[in-house]
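Order of writing sets the chain letters: A, B, C and D. Residues in each chain are counted from 1.
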């Protein structure tokens, strides 16, 4: 496991990606290395309200001076995320990272990987896509959103897919861009049309992940799902973030996850 | 009483006045009029920590577009004031103002007013000084601080005194600038030397106010003291900010004060 | 979509479910320019005693994380001044007034109620029973079910107006206290009062407050207040409840309604925002409109 | 100025007064890279039961204003796994270990202690009595003084190690519970455990937590915890206390010491900052150095 650190970070850039989502770039003095699927626990300011750090997937890490620049993509949904959207540049924050496990990035034989992201589930998937592109591992990328306006980083997505000549599939619930309907349906259609995958890597709303697991199961390949459970500590000690696994136990998703093969989860994990 | 308002204000400027103190300028859409001694309850950001607004004296109000520019001087001493020191410009805050009563600005006969400020007690005193200067009412101005570095707005103070040919007396506890020792001692020396005042207007740490009351009493004139009690509401309903008055009752300083003639307070008001 | 805000606390019909809490809104007119009392479901006066009370020495308040502790000591103008000077100004405004009553003896409670009985324009009495009974060794009325039933019964006998009992979260047995108040004849229960708490000044090595301990209020206590409202509602589903404790937003208020409260009171929030009760009311209306709730009353006790 | 951090809880000598609280630090080594357990006065394990426990369904946690509510359901690896796999790794590190024990029957408590008695390297047992006693109709052990005295006495008889009883703030009679634990043979009392609380999701019109209610912790409860520590210290001045509840800073810790605690535990703060216990310790040292306090022990119960 890559060593966890509690990094002092400085907010160096914030860029709007959609009406509700923005990209955050954090500069750290020291370098950390992380893999797609891993996340960090970010403080949202001083004071005791909000009290807890917030969990965000890492969407990329680049060298920056002697240290590194850590990138996240965040959707404003409440207290913490709206505070993050308003903090002035150069604000000092703490980031506990890298945390959790990672997606399996290898493909098998001639089968490609299916990368599937719904809404703000994109960050770890995009990180995976750019990593796969760099390694030349073939994949198709499916990204979905409620509407065209909420599709994030389309350019970067396409660029990554193009490197490996994969297919880039866009889907919106309201059909305002790409294929109409859920992104998992778009995946199902291609599978029905005979496309074969070795594995799916997915992140998004729970219903989407449940649907992805169904589709993958039906087509006989594994789906690795990046889960989002409410977290207090992010480091395995509070046992608040658990998910029910196949043997009926509750596993801390911050430590044994956030990525789980669908087959390792209990039937009713998403209920 | 000038009508109280709960004003949406925008932080338009912040200027350091000393290592610990800064000036805050707030822009309001509507105009309010306030007199020296009055204060406002300022929110310190969103979230419930800090929970309560903070009380700050108004040190000046100027027209600003269709509304006004409200000036305060603040010392960073804890949660709320440090939040205020870090908020980005253009942050929207709420200011409940003007609150409380005012100093008596008239002089009597040929006797001058003695304006006395200790440390961050300057804001209402400076407001009074500039107002008196504008009206041509004679006064001397005594300002004290722990050290030279904590003397605030010396230039503005001198300018105001000069208008009425008053004396400007600086005192520092460590003698690093002006007369060495407490500002009230500097006042006492002048009185001992025969100077006469009709009234003292003072604001500063409680021990300084108690000393000022003593000096004034000894010299036979009234001292109007601007008190600082912890406040929750600022508008007279919580009864948290009370001070013991002469008849033994507890008076809400936010409403019946913050300015009290020393003679109206209980002997042990400062204990 | 238009939303009906009409609410009922027992047989008391209210224009809306939002009240200003005792001790945080003066006597009803103190914050008139920010929050006209007639626009609220009701206002609850600062606690009234037979004679004026000077209250506790200072410091009386201290801020804590998302809360504050107060030890005001029930400073108030006394029931006579309220009836003679304040009530006559509230009456023509059509304000629904609940008088918060306390005393250090049962007779003191009865004295306050007795004086109010001579006046028109009082909708209910709210008994603050978080007060030490000097004649019973300082045990708080609200802490001893026997005592509480007794007190309530005697107050009940002295008036035909609505009688609310305000429960203390510090009582050893919350449900027992609730039952005792109802047995004694309470028409409704208000909960919760402040939670006994303490702040210490490490510099002075002394308690911050002159009285050492005080009562904790504000958002910090909301989760405890919600739990207590829910517990009492489950135990006594037919008893009307008025929920209070850390309500700052319309959403907070709706949480209390869902837990079983027929109305809510706004306390400490008023210190942050003098028009908080009106804001909360507007937010309740917006929430209902946005969630297809035609009448707030539908929400009372609707927790799944 | 050099400050002595040495502390004592009864006859247990500690290098310093800061412990990691049960349920917030795993079994002692989970946060090793952030907070090496041997650098703390002591660590308290997650609550251990005779057999492993799966815990409650989800959601288990929810954030509140300056606090959080948890209903983990005491998920743990069981005493056997702790003794076989964890303790052997703690022992050589010289960690002062307090084992937090709970059960749904008295025998369960005794079973956990019995298994631990076969192991070296345990300094104390901390009984979590905020647990429903299934054989006594689900009444929590900590809520009934009789039951608590009994439980403590039976545990006392089963070990010569130090026995701490962790008091519940929800007990009807805090002082009574404290007395009962001491009468039963407790060497020290830990307080407070979480305060029973509830969060409601207005959207779903349902409780947020799967178990509906849970325990409130964090800065929000500090004023209540301080008050309780102070009250118990006043009632039982000779009984060693371990203070806990919302400690986030060295200053918070010092407030608990002044109120009468011999040491403090850090819980929820660890979730915000995995090295919180070490930070608190450093801040205590700085405070003492800056205030001419030669030994932290001087501060215990030094409230004016």
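To be clear about the criterion, contacts are C-beta pairs under 8 Å (C-beta built on N, C-alpha and C of every residue); 3 or more make two chains touch, one makes a residue touch a chain.
As the structure is a prediction and not an experimental result, all values here were calculated from the model.
Colleague: Going by the touch criterion stated earlier, list every chain that contacts chain B and also contacts chain C.
Modeller: Shared contacts of chain B and chain C: A, D.
Colleague: Applying the contact rule given earlier, which two chains have the most C-beta pairs between them?
Modeller: Pair with the most C-beta pairs in contact: C-D.
Colleague: Where the centre means the average of the CA atoms, what chain is farthest from chain D?
Modeller: The chain farthest from chain D, judged by C-alpha centres, is B.
Colleague: Indicate the whole-number Å distance between the mean C-alpha point of chain B and the mean C-alpha point of chain D.
Modeller: So the centroids are 47 Å from each other.
Colleague: Please compute the C-alpha centroid of chain A, do the same for chain B, then give the distance between them in whole Å.
Modeller: 54
Colleague: Calculate how many whole Å lie between the centre of chain A and the centre of chain D, each centre taken as the average of the chain's C-alpha atoms.
Modeller: 36
Colleague: Can you list the residues of chain B that touch 2 or more other chains?
Modeller: If we look for residues of chain B contacting two or more partner chains, we find 48-50.
Colleague: What are the residues of chain C that contact at least two other chains?
Modeller: Touching at least two other chains: 65-67, 218-220.
Colleague: Pick one for the touching-chains graph, please: line, ring, star, complete, other.
Modeller: Looks like everything touches everything, fully connected.
Colleague: For chain D, which residues are in contact with chain C within the complex?
Modeller: Listed in rising order, the residues of chain D that touch chain C are 64-67, 69, 172-173, 195-200, 202-207, 212-213, 216, 218-224, 226-227, 230, 246, 251, 254-255, 258-259, 287, 291, 299, 302-304.
Colleague: Provide the residue numbers of chain D that touch chain A in the complex, in ascending order.
Modeller: Going by the criterion above, the answer is residues 23-26, 30-31, 33-34, 54-55, 57-63, 65-68, 70, 72, 75, 218-220, 248, 268, 270-275.
Colleague: Looking at the complex, which residues from chain A come into contact with chain B?
Modeller: 45-50, 79, 83, 86, 88
Colleague: Taking the touch rule as given, give the residues of chain B at its contact with chain C in the complex, in rising order.
Modeller: 3-4, 6, 43, 48-53, 94, 96, 229-233, 235-244, 248-250
Colleague: Using the touch definition up top, name the residues of chain D that touch chain B in the complex.
Modeller: 65-66, 219
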